[in-house]
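Each chain gets a letter, A, B, C and D, in the order it is written, and its residues are counted from 1.
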Amino acid sequence: MSAPGEPGYSKSEIMIAASARQLVGVRNCFVGVGLPNIVCNLAQRTVAPDLQLVYESGVFGARPERLPLSIGDPTLATGATAITSMFELFAFYLQAGLIDVAFLGGAQIDRFGNLNTTVIGDYARPTVRLPGSGGACEIAIHARRILVIMRQAKRSFVDRLDFRTSPGHSGDPAHDAARGWTGTGPTCVVTDLGVWGFDADTGEMTLTSLHPGVTLEQVRENMGWEPRVAPELGTTEPPTAEELRLIREELDPGGIYTKPGA
Amino acid sequence: MSKVTTMRDAVAELVRDGDTVAIEGFTHLICFAAGHEIIRQRRRDLTLARMTPDVIYDQMVGAGVARKLIFSWLGNPGVGSLHAVRRRVEQADPEPLELEEYSHFGMVCRYMAAAANLPFFPIRSYYESDIPRVNPKIVPMRSPYEDGTEVYVVPPLRPDVAIVHAQRADAEGNAQIWGLLGCQKEAAFAAERVIVVCEELVEEATIRKDPNRTLIPGVIVDAVVEEPFACHPSFAQGYYDRDNAFYLAWDRIARDPETLQGWLDEWVYGLANHAEYVQKWGDAHWERLRPEPAPSGEVDYGRYR
Amino acid sequence: MSKVTTMRDAVAELVRDGDTVAIEGFTHLICFAAGHEIIRQRRRDLTLARMTPDVIYDQMVGAGVARKLIFSWLGNPGVGSLHAVRRRVEQADPEPLELEEYSHFGMVCRYMAAAANLPFFPIRSYYESDIPRVNPKIVPMRSPYEDGTEVYVVPPLRPDVAIVHAQRADAEGNAQIWGLLGCQKEAAFAAERVIVVCEELVEEATIRKDPNRTLIPGVIVDAVVEEPFACHPSFAQGYYDRDNAFYLAWDRIARDPETLQGWLDEWVYGLANHAEYVQKWGDAHWERLRPEPAPSGEVDYGRYR
Amino acid sequence: MSAPGEPGYSKSEIMIAASARQLVGVRNCFVGVGLPNIVCNLAQRTVAPDLQLVYESGVFGARPERLPLSIGDPTLATGATAITSMFELFAFYLQAGLIDVAFLGGAQIDRFGNLNTTVIGDYARPTVRLPGSGGACEIAIHARRILVIMRQAKRSFVDRLDFRTSPGHSGDPAHDAARGWTGTGPTCVVTDLGVWGFDADTGEMTLTSLHPGVTLEQVRENMGWEPRVAPELGTTEPPTAEELRLIREELDPGGIYTKPGA
């Protein structure tokens, strides 16, 4: 599948593998469609065997028999442990603080993990109208931890959001602690170039590892602010053979989300 | 009292120009057939409410029935954008489209407030988000108790008409749904008028055998329409699968206004009703979408006399 | 992870002196066996929350485990008064009992507020009633919208422990209930700790066959106890009938403090556990309470792969 | 069953029959236990064949196969059209104004139909502690019409309530109209002596008919204020043979609620 000199895995695959490892021991996770869905299913088969998949569509403890193509795929409902109305899912599970981890992404992210999924340009006359919040705004506030999966680019890693759909850190940890939210906000951002954490003192995104073969220069070229880099910048562990097998044979056999270029 | 009618009559009698219409269903049980009939009857100036304006609202917006959307997530789920909607929002092409947006929980709570006849509903969301800045209906409020916790409140959303699809219903409109429940119940109770569309019209006795399965009671229902495959390309749990190929195809169809109009001519205006739509897709299509059985098992209510 | 334990261990570990305890169930599924075990373990200073303090709370109050009730309707349903409660309220005999009272909807909304992590819950009730006058936790509030509608709000009620009975549950605590639902779900989600008691412990696969039937998810459950006939003299839909004769008999038993203590000695303190209680009533008793079958019928979720 | 010179029906039976006739054409009714339950079941078999019975316990469209001994009797659940949680019943049905008629009663009623089900005496140190509101407070506010069934006595038909649990009319119809409640309050009180309506101009309880053999003097002796009497005071139609047959053979064959003296 890979040309000589290429790493033998796609950008999506290393993003999936790196994200799945963030879920060690996690009890339940709010799953999105696409990459986050594959991440959670991979984690369930590797580092988090007890992981319960919770879908925004109201499904608890899903056991999908195929790769769900949306968070409302019928394969999620059949064989789940519970299905609730959207009201109850948001009120009793999310708002009540029962969700350990949730995945978010967006068209734009800033250095504090605030996300824009609403518009590019002016709200009233947007250049690009994006989907909007969905559940992201409340997920950002209530899930105990937020993981972000996004490809890096100057237009998406921006100094200033066009619109703040979902709140991240404020830049003032004392303020953040005083907000009294059940969630602690974004803790990790996995991109196609590396893995980022958030600095405890400033709430700022901090590069903790580069994917194999990626340079710091490439990272700088693909973002809109000067990155903060961890003192001991590491290299992301590449996907193992077993992880790749699970992704390619079980989780996304059609390569819909993971084939090179996807 | 039987409320059974045809989709044509239900829409003709209950959906009026200028109405706020909610065709709900979170991915599941989205009643495309009702949307098509509204297009076919050329309703105008509708405000379309829905958590997730889906391909059906892109079709309705493309057909020119809507002047406004009230929503929380705007997209072709798992595929991408709603191009007809985007053209109107980004380029006012062919005319502007008003947007009023919430988060998912905010939308659900707007229905909830109306369903429960409450003047507002409190939620813990929107903190430090720009959403309340662009939607003045989302208002901060403090708890009157000692903690003084700040919440936001949203106002009731009372659609003129809610259209909800169920796997089965009786002639009076008692409707049973399984699988994803979305906010069908809240939307139905919130609305002034309710159309229940179902895959199968069943005897009242079938409903009465499992009263806990009833999501929507006949008392709030105005019309009952039996319309198999009415949710295609969405799905009905246990009856047919989501037609993902159509969701993908719609992305291509909707990118070009002429292609979109051609699709509407062929699949909506050119057909008399949903039965013709079902026939046009052909039996093999429906056969491919049919799942294997996965029975629920029974429980015993006990007979007490 | 299995949470299966005995009633003795569940109460010993999860119910502590001074706790606020909610044994919920509106007529249906009232877990008397849990109340008896709390009496047997001689807990003290409990605040007992329940919409309808029933014979079980009269027994618990008579046994001296409670210092306070939070409730909305205080009686022996269909029979009359709770005499042990009345003696303490009317005559402080043998000691006072603090009361904090709401209407039914107010109680439900207190659980709802806690379950949904809201600082208050608005309801349209209490207008021109004396209830808010004697309960300062019920507070008027105006809608921030133009209509300015006045509502009352109630604060969250977060029991330390909720004990809910279900017809069936799996080892992780996923619990399925049919028939009257009461406010079991809201009370369970509201509580810090949850004990699920069930008529039958079933395989996880049974639960997964009908996920819409799951009222309480294992994720909020701390202990699962299999205890057939645990609701007697209340009932479990499809399993056994309400023992109305006992409700009538309790009226006589509870009128006299000594008779009440004698009953507790014989039926609670004198027995090691609920299995002995079941045995003491005898097989013929349970046979008389068993209903004829009334199966729900099945639905098809469809297998999608 | 009746001695010579006695009317051939019990006080409960005429109260039931008179109340059932109030339900002509009603679509749905919030049913209480005891007499109101028998009233609704009788109406369903006579003047209101489409009447749906709604129980506070969350049951809609009940078809009980036996006389329910409580509003939570299992016979109500089996074979109903819908069962809802208590939250939904109170929020979506009652508070939303879907309930046409509800029955209330109490230990005390005043001339405006306000009811006390909470205490006799002082609230903090009651002479008699009663059950409290249950759903009565919100039922009084939201059900479109309230029917009251109570036996008359000086201690229960009082000039001044010890505690107002459930609001009735205020005595000022302009105020009542401005309250904006979905309900219009009490419209009829059926006692063991007669039937009362409410005066449109004052909201005051007004005697519209005496049961056969009852005198106005008896009514006066059994209440705590000087009664308002309709200009054309009628005589209550006694229970018909068919109504008595239904009550005695089908609805309360054990005479639990309807035997003489019950």
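Please note the rule applied: a contact is a pair of C-beta atoms (placed from the backbone, for glycine too) under 8 Å apart; a residue touches a chain by one contact, two chains touch by 3 or more.
On a predicted model such as this, the values are computed, not experimentally measured, just so you know.
A.B. asks: By label order, what chains touch subunit A and subunit C together?
C.D. replies: Under the touch definition, subunit A and subunit C have B as mutual neighbours.
A.B. asks: Using direct touches as single steps, what is the fewest number of steps from subunit A over to subunit D?
C.D. replies: Shortest path length, in steps: 2.
A.B. asks: How many angstrom lie between the centres of subunit A and subunit B, each centre taken as the mean Cα position?
C.D. replies: 29
A.B. asks: List the centre-to-centre spacing of subunit B and subunit C in whole Å, with centres computed as mean CA coordinates.
C.D. replies: Their C-alpha centroids are separated by 37 Å.
A.B. asks: How many angstrom lie between the centres of subunit B and subunit D, each centre taken as the mean Cα position?
C.D. replies: Distance between chain centres, rounded to whole Å: 41 Å.
A.B. asks: Can you list every residue of subunit B that touches 2 or more other chains, as numbers and ranges?
C.D. replies: 117-118, 123-124, 149, 178-179, 181, 185, 209, 212, 237, 241, 291, 294, 301-305
A.B. asks: So which stretches of subunit D touch two or more other chains?
C.D. replies: In subunit D, the residues touching two or more other chains are 59, 73-74, 77-79, 83, 91, 95.
A.B. asks: Specify the contact topology among the chains shown, as one of line, ring, star, complete or other.
C.D. replies: Shape of the chain contacts: other, as it matches none of the listed patterns.
A.B. asks: Using the touch rule from the top of the page, what pairs of chains touch, sorted by label?
C.D. replies: The complete list of chain pairs in contact reads A-B, A-C, B-C, B-D, C-D.
A.B. asks: Could you list, by residue number, the parts of subunit C that touch subunit B in their complex?
C.D. replies: Residue list for subunit C touching subunit B: 117-124, 139, 141, 143-145, 147, 149, 151, 153, 155, 167, 176, 178-179, 181, 206, 209-210, 212-213, 237-239, 241, 291-305.
A.B. asks: Any idea which subunit B residues touch subunit A in the complex?
C.D. replies: 26-28, 51-52, 71-75, 77-78, 81, 85-86, 89-90, 101-105, 108-109, 112, 123-131, 134, 149, 178-183, 185-186, 235, 237, 241-242, 244, 291, 294
A.B. asks: Under the touch definition given earlier, write down the residues of subunit A that touch subunit B in their complex.
C.D. replies: Of all residues in subunit A, those touching subunit B are 33-34, 56-59, 69-74, 76-79, 83-87, 90-91, 94-95, 118, 123, 125-138, 141-142, 163-167, 170, 179-181.
A.B. asks: Quick check: in the complex, which residue numbers of subunit D touch subunit B?
C.D. replies: 27-28, 50, 52, 59-61, 63, 65-66, 73-75, 77-83, 91-92, 95-98, 182
A.B. asks: What does subunit C use to touch subunit A in their complex?
C.D. replies: Touching subunit A: residues 1, 115-118, 172, 174, 185, 189, 204, 207-209, 211-212, 214, 217-220, 301-305 of subunit C.
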